[in-house]
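Next up: the structures, one after another.
Shared chain: chain A. Partners: chain B in the first complex, chain C in the second.
Moving on to the complex of A and B:
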């Protein structure tokens, strides 16, 4: 039986917010250790695409740096897939499996739940992406020429904040979808790999296509990272690294604020229209 | 006499169940694939996805070849990539029906108590994927021919070889899908990745986008052991025969020899797939996996 002291000790405010983040991220982190089979599917599987694209470049006699572009781009696909299937679609899955009403009914802030998902997913995906880069680099003897480790770290962190901010924002939007959610996430794979230049330098796309694709943080993040780690990267960059960093910082703020606003709006809408427990298969 | 009538009636009944299972599953598959949105959005979805996949390879090629698409290399990879869409669509589609029905719709157990033929039902679910795959292939080819001027001349097409090869290839893919469906049924985790994983792996080894000779020598035997390798070679020979002459991988084989190899694969897979599926199904029934929902 609960007593008042216990109730008073219960977390609230910032403490509850932080506990929720830890709580929601922990299944994703613990899963890394408990479920070893991800090694095969999350590392070996993306490696197949990387190997395929590398062999195309080799077959047509591309310069060595292009092999590196594919390896880094292939590793970054792990983040985009994580955003699509484990962030954007996550609240939709939670609705399907019946967890969403429990989240809404609990005192835990939804924003903290999304941040927990983002944090757990980001850490898990960093390990996967690192494994792809390591394997790809060893397999194809990729040569890196890192110009500024600090700037590289800043670009990577900004890309991740903006990207997971985008994921948090779209998670709210996907909450309102039914069967469309799966198809929309599926649709956002190849077209995004294309316009974001995952396997070739962004510079080779028409300017306005690249500019429009820059709303996806990985587009500029990947372009900046390539400029910083490959000898020929700077000559093949879309914008200057500094400008890309500024845009990424702007996108980070924009997406996180938009996620907060959209989450409140869709949560209210979903409750009002009874979509929280709706299951349109 | 009575025995004869009963036997004949049983055969008619079995055939009727088989036919009905395929027909209904094909219609169901089409509805699942297409009616999640309005026809316009579905058409856009069906066009954008394959074109974007092809465009990645086109741009990669263009960056290095500086826009020169009139080469055997480009035609080789463009046609290979276009027709490979059948592999991911059909083979993965048939096996995906297990994931869909067991995990998502939770109807697989009801399928098993209904008077239907399960392998026929799965083949029927593949029909919708064949249709969608065909549209994707056609759109990709048309885009290549009209916008990228891929070397293709209608007058040079060997239509008979093309039709026979296409039908044999789809038969092989459906049967590979049935084998994967059986394996999928026994998996607890990652079952939704099985089709994609196998399809991605075969993409590397079947010479879809680069000749087998580009692979390290120790990996080439894998390619020679896969039916898709011969299928893609024959598809290219039937559509762009002169281009294929530039690649020596199968130069020693005539069309008829390659067709013979493909027929042999089709016969073996047609015989094996049902048995492998039934063996997996038996294990799945024994272990209570038919109605398992993992939410993984």
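Moving on to the complex of A and C:
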């Protein structure tokens, strides 16, 4: 006799959805304390870029707030890197490692699996970004003048929802296009660093370039956060914080809905064409 | 829908379109062709065939991972393509050599994570994980990171993952692939115990190990090149060969030889040669026992000395040979040569 504990109840609906999110986020969260190498790769290395920009601003005698801009921008690059190299490629890697068929053949909704990946990645990246801000602020004695903690939190949350919605959407695209999508990610990395104003105020870019870059949620999120935490932030803002919040809310809805539709389409297509487990079709 | 059938396939087919070296080059590969099966509730059903026969394609269709291109299939009474969601909480699957899970998570953490995708309460999941680890003798590896497990232990973990959710229908795709003899025996024993504990449980096992199919399965379907060639109990399949006389003869020879002259003897249906440790084992399928004397006479001409002679019972390998015309190993070699 095997004497196994009986499963008398299985969660379904919302409870299954939540259980799946928690379950799938666990590898990221556990990895945070188990694999400490992130301290070097995700805090120390990004700090080198931040230091480089800070030194340039100091050399040319830029206003003190610019150094804060760079520190906050440097912290936020962690989210873009997480979206580009981890979130977007996650389903592709899940296929390569053999997890994807198990996810699809389980009763768990794929949207919950993706949200779990996003949640785990987001929590891990928040800690990394916080470490960069803390270290950068201490190192360069950055002065913050927070105008509204609540508004700052709202902007940050909206930015995260929109950004990870974008990540969920691109995850489906990566699954469809496989290695070809890799080139797109490569292509997106540096230009996005530039047009999103990670290391300088967005206002200094031509209006239409900034407007086009606003489709990347971090662009407006970063701009609004800088306006809310630095004394000179408002004068260097691209749009008003209120307008940026509205656009971010719109992008959040757009990306989440698009992610759901694209995921559903991708899953059907992959099942029809046999792409869930095979690469050669 | 017949209530006593766990799985039904009707004229099921799957054709893959494969890209060639150039984008415009497309060729069709028939992976499944007109497969008709009825697998009963409570049955341990085996799909036996060489690599590339279509076994895994069939499993993928039945586990809702792949759409058929013709015909239809139902699992637990639901259509695999149109009602996939209703099937998914009733099934689970384990594939041989799979590398699922995350290397940085421990065995327990990986298994717990998968249990959450089936909506199992953490307390129940942990109790089942603990007990299943005891059963497969892996308790001491509960907190070992997956990346530190050997292939065999990782496969045992995968097997626990499949059973942990207590599926109504379990798909085992070559579950003992890569396992050593002892571990394979443990897995077979476990599968046997599990299915006998509850008559509502059904297992579809694919394998190319004849012994595994023979030992475990209530019924076996022999599949080759996407077609089901026969489907019956292992005993009934072998019974059809009973009129033939099967002999295994070990011989030694001073000079190299081939079995061609033996194949020419009237009444020899099949003769195969296997060279092992300086001995040659010759496997004969004879029309009847009287042909044996002619074979032994020819040994004299060929200067072969008999070391051992055994009349043996038919195996599923013999059934496969009778149906396909070649041994399963030969089919696999031919397939791999074609691939290259």
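Definition applied: the second predicted complex is superposed on the first by the 270 of 281 C-alpha atoms of A that agree within 3 Å, B and C clash if a C-alpha of one lies under 4 Å from a C-alpha of the other, contacts with A are read in each partner's own complex, and residues count from 1 in each chain.
One rule holds in what follows: a residue touches a chain if its C-beta (ideal position, glycine included) is under 8 Å from a C-beta of that chain, and two chains touch if they have at least 3 such contacts.
Note that the structure is predicted; figures quoted are calculated from it, not measured.
Contacts of A:97 after superposition on the shared chain: both chain B and chain C are touched.
Contact with chain C, but none with chain B, is seen for A:24 once the two complexes are overlaid on the shared chain. Of the two partner chains, chain B is the only one that A:60 touches; chain C does not reach it. In the overlay built on the shared chain, the residue A:272 is in contact with chain C alone; chain B does not reach it. Of the two partner chains, chain B is the only one that A:200 touches; chain C does not reach it. By the touch criterion defined above, A:264 reaches neither chain B nor chain C. In the superposition on chain A, contact of A:180 is made with chain B only, not with chain C.
Once chain A of one complex is fitted onto chain A of the other, the partner contacts of A:235 are absent, as it touches neither chain B nor chain C. Once chain A of one complex is fitted onto chain A of the other, the partner contacts of A:148 are absent, as it touches neither chain B nor chain C. Touching of chain A by both chain B and chain C, each in its own complex, is seen for residues 35, 97, 281. Residues 1-12, 15-16, 19-20, 22-24, 26-27, 30-31, 34-35, 97-99, 101-108, 113, 271-272, 274, 276-277, 280-281 of chain A are the ones that touch chain C when the two sit in their complex.
The touching residues of chain A, counted against chain B in their complex, run 35, 37, 40-41, 44-45, 48-49, 51-53, 55-62, 66, 97, 178-180, 183, 186-187, 189-191, 193-194, 198-201, 204-205, 281. Residues of chain B that touch chain A in their complex: 36-37, 45, 48-49, 52-53, 55-57, 59-65, 73, 77, 104-105, 189-190, 193, 196-197, 200-201, 203-204, 209-211, 214-215, 295.
Listed in rising order, the residues of chain C touching chain A in the complex are 16-19, 60, 63-67, 81, 84-85, 88-89, 91-93, 95, 98-102, 104-105, 109, 112-121, 124, 127-128, 131-132, 135, 161, 165-166, 190, 193-194, 197.
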